[in-house]
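Each of the two complexes below includes chain A, the first together with chain B, the second together with chain C.
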Partner chain A sequence: MKKLGSVTGVLQTPVLLIALVLLAALVGVGGDVTVARVATLAIVSVVFVTGLSIFSGSSGVMSFGHVAFMAVGAYTTAYLTIPVNLKAALFTNLPGWLSWLVDAHASFLVALLVSGVAAAVLGVVTSPIVARLSGLQSGIATLALLLIVYNVLNSWTDVTRGSSSMIGIPRNTTIWLAFAVAAGSIAAAWAYRRSRSGLQLQASREDYWAAQASGIAVGRHRALSWILSAFVCGLAGSLYAGYLTSFNVNSFFLTATFAFIVMIVLGGYLSLSGAVIGALVVSGLQELLRRLQDGQFTGGSALPAGVADLILAAVLLLTLIKAPLGLMGVRELVLPRRRRRAAPDDDATEAVTPAAEAPTQAARGA
Partner chain B sequence: MTDTAQLSRRPSVLRMADGGIHFDGVKAVDGVTLEVRSGEVLGLIGPNGSGKTSTLNLLSGMLRATSGRIHLDDDDLTRSSMRQRVQRGVVRTFQSGRVFGRLTVAENVEAAALGAGSRRGPARRLRDEILDELNLGAVADTRADSLTAGRIRTTAIARALAAKPRFLLLDEPAAGQNETEAVELITSIRGFARRRDCGVLLVEHDMSVVMGTCDRLHVLDSGRTVVEGEPATVRKDPRVIEIYFGKRH
Partner chain C sequence: MILEFLISAVGLGALYALLTIGVALLFGVLGLMNFAYGEIILAGAFAMYLFRDQPWLVALLMAIVFAVVVALLSERLAFHPLRNADPVTLMIASFAVSLAIQSLARMTVLPRTRGVAPEDFLAHRVDLLGADVSVLDLLTLALCGTMLVAVAWMMGRTSLGIQLRAAAEDFQMASSLGVRANLVIPSAFVTVGVLAAVGSAVLVARQGAVSADMGLQPMLIGVVGAVLGGMSSLKGAALGGFLLGAATALLESLLPTDLIAFRDAFLFSALIAVLVVRPQGLLSGAKVRVS
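Right, the complex of A and B next:
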């Protein structure tokens, strides 16, 4: 009986989260063009933040570099889906050893998958860094990764078009495709959390040295979750490119990083539910703020540029001060249910014992 | 059970020879030689700051010795990492518990079983056995950071047992308990260890607690060995009386 309860309990969270994303998709389908656009991009954000949460949620190590994986996914999709004749015109100075890029072409679904794999390859290459570093060092290293990828994309003009936009990507991302990828990502993130590796990584998040003392190969599990999370963020980049049809290298830098950080921190970076809810809530908030800035709520007089970002920053600050672990903390979304019959007994013993132990602490010291 | 049968064929010894560790001039451990044999409980005692935890850190690999060697039977562990030593069956606990706070008791134990190399199914069976054995079943699904101090201690021990130890290094597992409770806890630890034919190094600062519960005692003061031997003999040693009772007069 306990087994049955725990199985439905285990699947409850991903099912509820996918239902939330489905709700967002339905709003998008039912709304006007703007609403559809906001909903689709919100779901793409869900994919990205779910990917980030695979690493940060279980390891407890925040990454400021995951947008680099998104960039790799977006560029890969661009190379594989822009029509070949347009590519020939866009990339006239490709170095010889990359000339095959002009002729490379794939269906969008293949491009989507290859984008994830390309990001995962960057994940494999960079995984030794996160396997070795913790805390502040790790945060700075992930930021360095973002800077490196950004600078390569921005400077290697012959291959990446530098600061000029990538254009002519066919629009292949539909809201339902985005939803399907989001659902798959949520399921994968949940499965990872419940896996052997996920459990050991969460143990190391709670106490690094105690995990080492339990024989847990912390570095190996960090690396594994890092690579999986890179893959999912690569998918997000591919969906993004396939939706917007053109993008610029600046789409994958500090502004995007900041927005995603607000999402995961507001929702709660230790919880998958927090990541998904944060992505949806902040996407909605961003749209409201954009409208506010455009003057839609102030009788048409536009507010100074930057007001929206300022308010977003204020939201982040307020969250960090008032609820450092976000809306969800370490909790996951579950349906409210009645407590088990045995629960009051447990509570009673738990409540009595500390009182009984208190004087003995004084008796023998620690 | 098969493990126990295998191990009992060949009694093992965990040995530190002339081990030392210095912290910028402070000799926390200074030329200590000791050995723990499978099946026995060796009490490591000494006043505050005498180097008990540091000795345990050297044996477990949390700190690298600045001098001396550490062997498990014929294998040199001196350069092995803490993880490698856990795989070899040398498992420690911490003076402050250090349970995985936001995981449940069951997850704490399962994570340790997985860390020591068990596959998922066996890890879960081992977890359930240990939770039963240590009477933690009722709090299996409770988050470790909301437990009472007593159950945090038990969870830390359960976690160590999940790593299938051949040698358990316990740092003041009974800290904060009164004498009767401490003796009771250590007696039950003795039972867990016996059943696994596991050697125990037990750090404790209270002489009266270890008297009846340890097979042998090793006394440290200022990082050096004062005396080692049977509890009854050690207790009568004038140097031990000086350290433990001398300052009171």
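Right, the complex of A and C next:
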């Protein structure tokens, strides 16, 4: 009985989070076309932010470069799923050593997996960077990674179509597929957090030198979580491409990065629940703001373009000033307790929380 | 031919050094990697557009006013409440400030790119020691050079400069020795505003257009230059910016045409390499000093 309680205690956070995403999916299924679109893209955002959280949440290092992995996933899916005859027309100038791209074709599920793997390969290549850097330097280096990938995608016109849109990707992402991937990502992220590597990484987040001194190979665990999160973000990119059927390189640049940062900061970047809730809340907010900007709340007169971005920026600033750890802080989503006093081993996360909060605050003050 | 190239390379270097100091100064004093720097430049550039029919010097003065006002406002509204936050939080906040100012500009005054006709006198070419040099290149060199000398003088010879350097070295120590944060931080932002305004005047003259997203490129140049030179030393940062500018001019004339498009990728790969191998910057010694 006690054993069972412990298992439900450990599993209740991911189950609750998946239930939240399921709720979003049901809203999408029940609503009209616009609602379905918003819900699907919100769930794709959940996948992405969950991926980002695997790295940032456990290591405490903020990354501005994860959109690069999403871009790699989206482009891989485009190469693998655009019909072969259309591809031959789209890519007429492929360099010889890449000519096999025209004939490459795969079903969407295979393309989804290959996209994740492709992003993970970029993750492996770049993992030495994050293994060695912390704090601001890591922030700048990850941003530089985004700029490099953007520059290459934007300038290598023969292969990536440059600034022209990638078109003709068949629509394969259904809301249920997105939900399934989101559920899998949440489960994977939770499993990583509870794993030996995840716990050691969280220890290094709270006190880097103490963790080093205790024999934790911080760099190795950072690299591992970086690669895992790259894989999940690649999946998000693949879902994104498979849903929108066409995309532009500018979808994977600073605007997208900013939107995802708002999500993870508003929710609370140290907590997986924060990431998921932030993604859902901010996706809803963005849709509201879009409607506001189109004039749906102001009697049909459209507001000047930029209002939505301005309000989003204000929300982020306010969050940073008033609640720098976001809505969730370091807490995870759990059911309200019925018993007055919890059994000691009921929920390890809860037990960690008070202790974990203090050093985090102290580190911020320093 | 060589002289022409030299003047244009040194001019570009001086401009980049100017941009870099704007980033490095705030980083030194506040630990703020300011992504909103580009939008301070945007404010100056907008003034250059607004007063394009006035004499050029008037426009430059107004650019300084606009940029300083935007810099001070961003400090008051966003960075002041975050004074004790860690550098990454500040960096995210500056991201937000950057987006906010950009969308404000897009909403109100700059929904699309505006052309600014080049001043007549800038288009002239003069004969200098047998070389055919454009006035624009000369002006870039003169203006940025003057600003660099002025900043060096201010940092080295005035009380404010000494306080700024002290604050950049160790903020807590400086404030317990009587350096007032409420004086030093706003004056750092004012300095940055002036630097950005002069930079924007040169940029507008070179590009001939003003748009809401024009700040991104100069901001990135500032960040790369500051990281290359060593972020906590102003001299190192200036030198880093200068070398970056000279190297850019060199790359543009040496790189094969089909690789020029990938210039940024090379640049940022170098940035990552420097961060990984020499995080204190290429040019500063092991002991990081600000002076």
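Convention: the second predicted complex is superposed on the first by the 333 of 366 C-alpha atoms of A that agree within 3 Å, B and C clash if a C-alpha of one lies under 4 Å from a C-alpha of the other, contacts with A are read in each partner's own complex, and residues count from 1 in each chain.
Just so we're on the same page, contacts are C-beta pairs under 8 Å (C-beta built on N, C-alpha and C of every residue); 3 or more make two chains touch, one makes a residue touch a chain.
The structure presented is a predicted model; accordingly, all values stated were derived computationally and were not measured.
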| item | value |
| --- | --- |
| Touching partner for A:L320 - first (chain B), second (chain C), both, neither | second |
| Partner with the higher number of touched chain A residues, chain C or chain B | C |
| Touching partner for A:G135 - first (chain B), second (chain C), both, neither | second |
| First, second, both or neither for A:W100, with chain B first and chain C second | neither |
| Intersection of the chain A residues that touch chain B with those that touch chain C | 363-366 |
| Residues of chain C that touch chain A when the two form their complex | 31, 33, 78, 81-82, 84-89, 91-93, 95-97, 99-100, 102-108, 111, 216, 220, 223, 227, 261-262, 264-265, 268-269, 271-272, 275-276, 279 |
| Residues of chain B defined as touching chain A within the complex | 60, 62, 81-83, 86-87, 91-94, 98-103, 107-108, 110-112, 114-117, 119-120, 123, 138-139, 142, 146-151, 159, 162-163, 172, 175-179, 181-182, 206 |
| Chain C-touching residues of chain A, taken from the complex the two chains share | 62, 128-129, 132-133, 135-137, 139-141, 144-145, 147-148, 151-152, 155-156, 254, 258, 261, 265, 303-310, 312-314, 316-317, 320-321, 324, 363-366 |
| Touching residues on chain A, where the partner in the complex is chain B | 196, 199-200, 202-203, 206-207, 209-217, 270, 330, 342, 345-346, 349-350, 353-354, 357, 360-361, 363-366 |
